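Sharing a structure, written as structure tokens. Questions coming.
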Amino acid sequence: MTTSHRHDRIELTREVIPSGAIASEVRADEDGAVATFDGCVRNHSHGRSTLHLEYEAYESMALAKMREIAEHLHAHYAIDRVAMVHRLGRLEIGETSVFIAVSSAHRAAAFDACRYAIDTLKKTVPIWKKEFFADGAVWADGEVPPAPAASADAETPAAEPASN
Amino acid sequence: MTTSHRHDRIELTREVIPSGAIASEVRADEDGAVATFDGCVRNHSHGRSTLHLEYEAYESMALAKMREIAEHLHAHYAIDRVAMVHRLGRLEIGETSVFIAVSSAHRAAAFDACRYAIDTLKKTVPIWKKEFFADGAVWADGEVPPAPAASADAETPAAEPASN
Amino acid sequence: MIVKVLYFGRLKELSGSSEESVEVRDGARIEDLFAHCSMSRPELRKFRASLVAARNREFAAWDTPLRAGDEVGFLPPVSGG
Amino acid sequence: MIVKVLYFGRLKELSGSSEESVEVRDGARIEDLFAHCSMSRPELRKFRASLVAARNREFAAWDTPLRAGDEVGFLPPVSGG
């Protein structure tokens, strides 16, 4: 299990993401910089007009992976707080699907951490996007997350209450 | 003179910067990403407790230099809109001194452009910060903007109505 | 032993369910579980190359041995963000 | 000819004014103007090495010739952001 950083906000939600409020929350008095990334629904994809999107997630695992990203940021960048919120369900054009905010004393760490977070989220967090067009719907092309090639047979961890 | 990008918002202000509203404004329906940078007043500087700050600017030149930065972004990054607002006058701890937001179809351009903008603003825009501590005030150490080393005597541009 | 299987995205649509409990032999590995699940849903097989498996909410190799009560997800390429 | 001189930040505090009109000889360059302004305010001189000059809101070399009506700023290191 990872350390929990008290002020971080890691969430999945089916409501509109309150980006402004989240960006304000991550800032403490010792911070001089807040970098944010807002991923929002474009009106086009691969040359076709998008009507709306739907996102679904393996929710428990997605939250675990998002928390891992936040822990990585705290371990590798001189940052203060992290907020990372992804929306699920139906989203209209212009709505925010993911919002990430990182605060720090100095700007380089906030920028680097924010970018690492969204790049890694897109590669490793089990969330799926379905795109709805006038003539049908498709699951978006995605990224294959890196997974172990072979198991270390001898010592695979047991399921929760080690029921064997 | 540079082209003006209709939707850009380049401002100096003595009021609280409405970061959330600005971040929303830069997003159009064709954008999938908004990267923002919020520079805010830290409660410390070089190990001393900051009480408040004051910013002043060579306003006409600062606006011209900020517009130049925005034009550079449009020329060099695949972005949509730029907002760049700097506050002047007295600022309290936690208040935003500068807010930059950049929208684009894809995230890399928004991040790169936003970062170029704040890095360049800090080096080239004539704005000065005075830091107030319990035991006095100092003008912050700054950056010396790059300037031409020698003039091209023959063809210096004339002052406004070429009064000679 | 019984394990839980989860399907997401296009796999959920193909398999017609998001979750099922499956009985597998002791010593079975994730790849055996996938083979079992594909028997009744042959369309799953053509996605095998692009899938990643998760065991108890962690990415896992296909040769990972299963234990009773494990939660296994077959994950199509992810597209969050 | 007359040019306008602007002071900012610590220079404004040192010089006791933010703006003045200065009469310089025809053909004067920015460095001549600075020398002129420093005569009545010798403290300005010690900042010379860290200053950048602007002419009509554009950074300018110290040897830039002036024209009547020019607006010249002596800019300390900038610290916005």
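Chains here go by letter, A, B, C and D, matching the order in which they are written, and residues are numbered from 1 within each.
Following the convention adopted for this analysis, a residue touches a chain if its C-beta (ideal position, glycine included) is under 8 Å from a C-beta of that chain, and two chains touch if they have at least 3 such contacts.
On a predicted model such as this, the values are computed, not experimentally measured, just so you know.
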- Quick one: remove chain A in your head and tell me the pieces the remaining chains form. B, D | C
- Message: Need the most distant chain from chain A, centre defined as the mean of C-alpha atoms.
- Response: D
- Note on the structure: Taking each chain's centre as the mean of its CA atoms, chain A sits from chain D at a distance in Å of 51
- Rounded to the nearest Å, the gap separating the Cα centres of chain C and chain D is 73
- Taking each chain's centre as its mean C-alpha position, how far apart are chain B and chain D in Å? 23
- Message: Counting only residues that touch at least two other chains, what does the list for chain C look like?
- Response: none
- Touching two or more other chains - residue numbers and ranges from chain A: 39, 118
- What are the touching chain pairs in this one? A-B, A-C, B-D
- Query: Which bits of chain A are touching chain C when the two form their complex?
  - Reply: 39, 55-58, 60-62, 64, 86, 97-98, 118, 121-130, 139-151, 153, 156-164
- Item | chain B-facing residues of chain D, complex | 1, 6, 8-10, 12, 29, 50, 52-54, 56-61, 63-65, 67-71, 73, 75-81
- Note on the structure: Residue set of chain B touching chain A in the complex reads 19-21, 23-24, 27, 29-44, 93-94, 105, 107, 110-111, 114-115, 118
